[in-house]
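What follows is a pair of complexes built around chain A, which joins chain B in one and chain C in the other.
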Partner chain A sequence: MLEQAVIYTFVALVLIGGFMAAFSRQILYAIIGLGISLLGLAGLFLNLGSPFVAAMQVLIYIGGITVAIVFAMMLSIAMSIRPPDPDTRKLGFAIACAVIFFGAVAHLIRGAQFQEIASPASEKAWSVGALGHALLTHYNVVFETLSLVLLLAIIGAILIARKAST
Partner chain B sequence: MTLDSYLLVGAALFSLGLIGALSHRNLIALLIGIELMMNAASLNLMAFNRFVVTDPTTGQIFVLIIIGLAAAEVAIFLSIILRIYRAYHDIDAEKLTKLSG
Partner chain C sequence: MKTDVIQLFENPYLALGVTIAVIMAYLSVNAIMLIWLERKLSARIQRRIGPQRGPFGLMQQIFDMGKLLSKELLTPEHANKLLYVIAPILVFAPVVALSSLFPITSTYIFHDFNIAIVLILAISGINVIGIFLAGWGSNNKYALLGAVRSVAQNISYEIPLILSVIPIVMITRTMSLYDITLAQGTYPFVLVQPIALIIFIISATAETNRAPFDIPEAESELVAGFHTEYSGMRFGLFFFAEYSNMIFACALATVLFLGGWRGPFLPDAVWFFIKVYALIVLMMWFRWTFPRLRFDQLMKFAWVVLVPLSLINLLITTLVLKIV
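Coming up: the complex of A and B.
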């Protein structure tokens, strides 16, 4: 009972944050909504049996990406700039697209027959140890490639954002 | 919660991200919409990982890779936003029309 309440709280966080992020005209509120949504998502990951991914979600997304977006916002647009008037035609188009998408996907989900496994895998297969072992053996190439991509992204970001030398 | 309800939450989050990405003209708001859609995808992966896949490390590693790639993407996107702001003194997506002649 309590568990259900906690899960629905997380779902509510995800959706409320998503609404804030999608409909807010003030960028700062949209970023706060994104943070709330990501926090709820981390809770859902925890509930889906993966504390490590939930921790990474909080550390990287909320601690890193959200803060980086706030920094970029403060460096680019002054906080005092008035947000542009809402473009109702565009908003209506976007909402129509989203409703059609959601309806189609919900219809597909209701009709789909997933082969669900009877019971979740053993405690050992879900452990962080198993995750680290797989990351360094079977998924080694992916892991190394990802680190290379991150390095290139850092170098590229510095090169793009630096002031042109005069 | 069952697999279906997780997938529905993921679809709802994706739709909200779609609204955010389609209705705003501010580049940072576009980025926020894209991030929401990416997270909806990771939620779906984690749900399938819990309910359908027999080896649970697969989906977790997939989601970790998505998080890493999102970090790289945001770094590049934000540096491009700063560059655009320096050139145009605005980050309105509809004013970036220098190439359209």
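Coming up: the complex of A and C.
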């Protein structure tokens, strides 16, 4: 009973934060909403029995990404200007994209054959050591690809920023 | 061998309540005493006497507390009410949550958490958001400037701070603060990681916004920085947060580098607090000795000196660990 309540609280946090991030007209509220949503997600990870992933979620997404967005926003004029009124054509396009994506994901989830696996016998299976070992052996290629994608994103961001300034 | 509060009370909710009560009580008394210590110490350094009400001037703090508690809570007219009220809580809450992770004695601890260091680094980052919301929500240009500076400073100094902690984790192969203390049985890690300790202390001083890194609240430039518009106990909460952050950083340095509770003759907790308060006196000494850095000097120092130095230290540690 209490556990259910806790899970639904976190789900509510994720949804409310998401709505705030998507629909607020003031960019600071959007960022706060994003932070709330990510915090709820961390809570869900905690509930699933992985405090390490939850802590990393907070460290990277709230302490890192959200603060970085706040930082970027402070250095730009985004905070002081009024956002333009919504363009109905863009809005329609966005809604269509969102509905298609949601439908596809929902279809996949409904069609998936979920198997109930036994919860890991010991805490060892979810431990930091096991995660690190898996990342650097079995999922090595995925891990390196992800870091390469991030590197590309950083270089791309620098290029765009330089072009805009000159 | 070790007993945590949950085992002691056999009821998680009771244990949680007791932990929060003990930590809140300790942090409040500690903040009051540290303000007294800071005023006395600064007076000594500047050849003054300092507060004198009551024995050793201790009553002065009681009166100041009474003043803060009884002051009216003003909210600026054009401030964002919600953010303005939430911000001080958001700055103070992370310290309270994280204080329970420290092993103060070898037998009784609050809770031994196997990923304590990740948790500390993760949650201590949240107070940056609190400071920013305080500056933004106040709708005051000095407050906003202070907040902008604070966020920039906190982001920059968090990197060398994390990089100076990693060598300890690599040596001990654990992230539990209890096990790290146990690993320092023969010698404290300051002997093998002196550079990491220096980087840690400098970064921690910057993270707690204290002089010579007190640019976010530089009183001669920005009135009081991000808490310019705060009054009464809301201002008091920022003050509490600053001194609680100080003791938090010093406690972390004690556990990581100075061997935590370990020491001869005296009981565990006594050794722990001797080390913590020695570091705090050191930080206060900094404040009353060094002039404030300029903003560009501050950023340059973090990115040009501290980050490369901590990376080199990390590299050397890796090589040594590989060879030995």
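Here is the rule we go by: the second predicted complex is superposed on the first by the 120 of 166 C-alpha atoms of A that agree within 3 Å, B and C clash if a C-alpha of one lies under 4 Å from a C-alpha of the other, contacts with A are read in each partner's own complex, and residues count from 1 in each chain.
Assume contacts are C-beta pairs under 8 Å (C-beta built on N, C-alpha and C of every residue); 3 or more make two chains touch, one makes a residue touch a chain.
Quick caveat: nothing in here was measured; it's all calculated off a predicted structure.
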item: Which of chain B and chain C A:Ala68 touches, first, second, both or neither; value: both
item: Contacts of A:Leu148 with chain B and chain C, given as first, second, both or neither; value: neither
item: Contacts of A:Phe52 with chain B and chain C, given as first, second, both or neither; value: both
item: First, second, both or neither for A:Leu136, with chain B first and chain C second; value: neither
item: Contacts of A:Ala30 with chain B and chain C, given as first, second, both or neither; value: first
item: Chain C versus chain B, contacts on chain A by residue; value: B
item: Which of chain B and chain C A:Ala12 touches, first, second, both or neither; value: neither
item: Contacts of A:Ala21 with chain B and chain C, given as first, second, both or neither; value: first
item: Partner chain(s) touched by A:Ala161 [first = chain B, second = chain C, both, neither]; value: first
item: Which superposed partner A:Leu41 touches (first chain B, second chain C, both, neither); value: first
item: Those residues of chain A which chain B touches in one complex and chain C touches in the other; value: 52, 56, 64, 68, 71
item: Contact set on chain A toward chain C in their complex; value: 28, 32, 35, 51-52, 55-56, 58-59, 62-64, 66-68, 70-71, 74, 79, 127-128
item: Chain A partner contacts - residues on chain C that touch it in the complex; value: 113-115, 118-119, 121-123, 125-126, 128-129, 132-133, 136, 147-148, 151-152, 154-155, 158, 175
item: Residues of chain A that touch chain B when the two form their complex; value: 7, 11, 14-15, 18-19, 21-23, 27, 30-31, 33-34, 37-38, 41, 44-45, 47-50, 52-53, 56-57, 60-61, 64-65, 68-69, 71-73, 75-77, 83-84, 87, 90-91, 93-95, 97-99, 101-102, 105-106, 109-110, 114-117, 120-121, 125-126, 130-131, 134-135, 139, 142, 146, 149-150, 152-154, 156-158, 160-161, 163
item: In the complex with chain A, residue positions of chain B that touch it; value: 1, 3-4, 6-9, 11-23, 25-26, 28-29, 31-33, 35-36, 39, 42-43, 46-47, 49-58, 60-61, 63-65, 67-76, 78-83, 85-86, 91-92
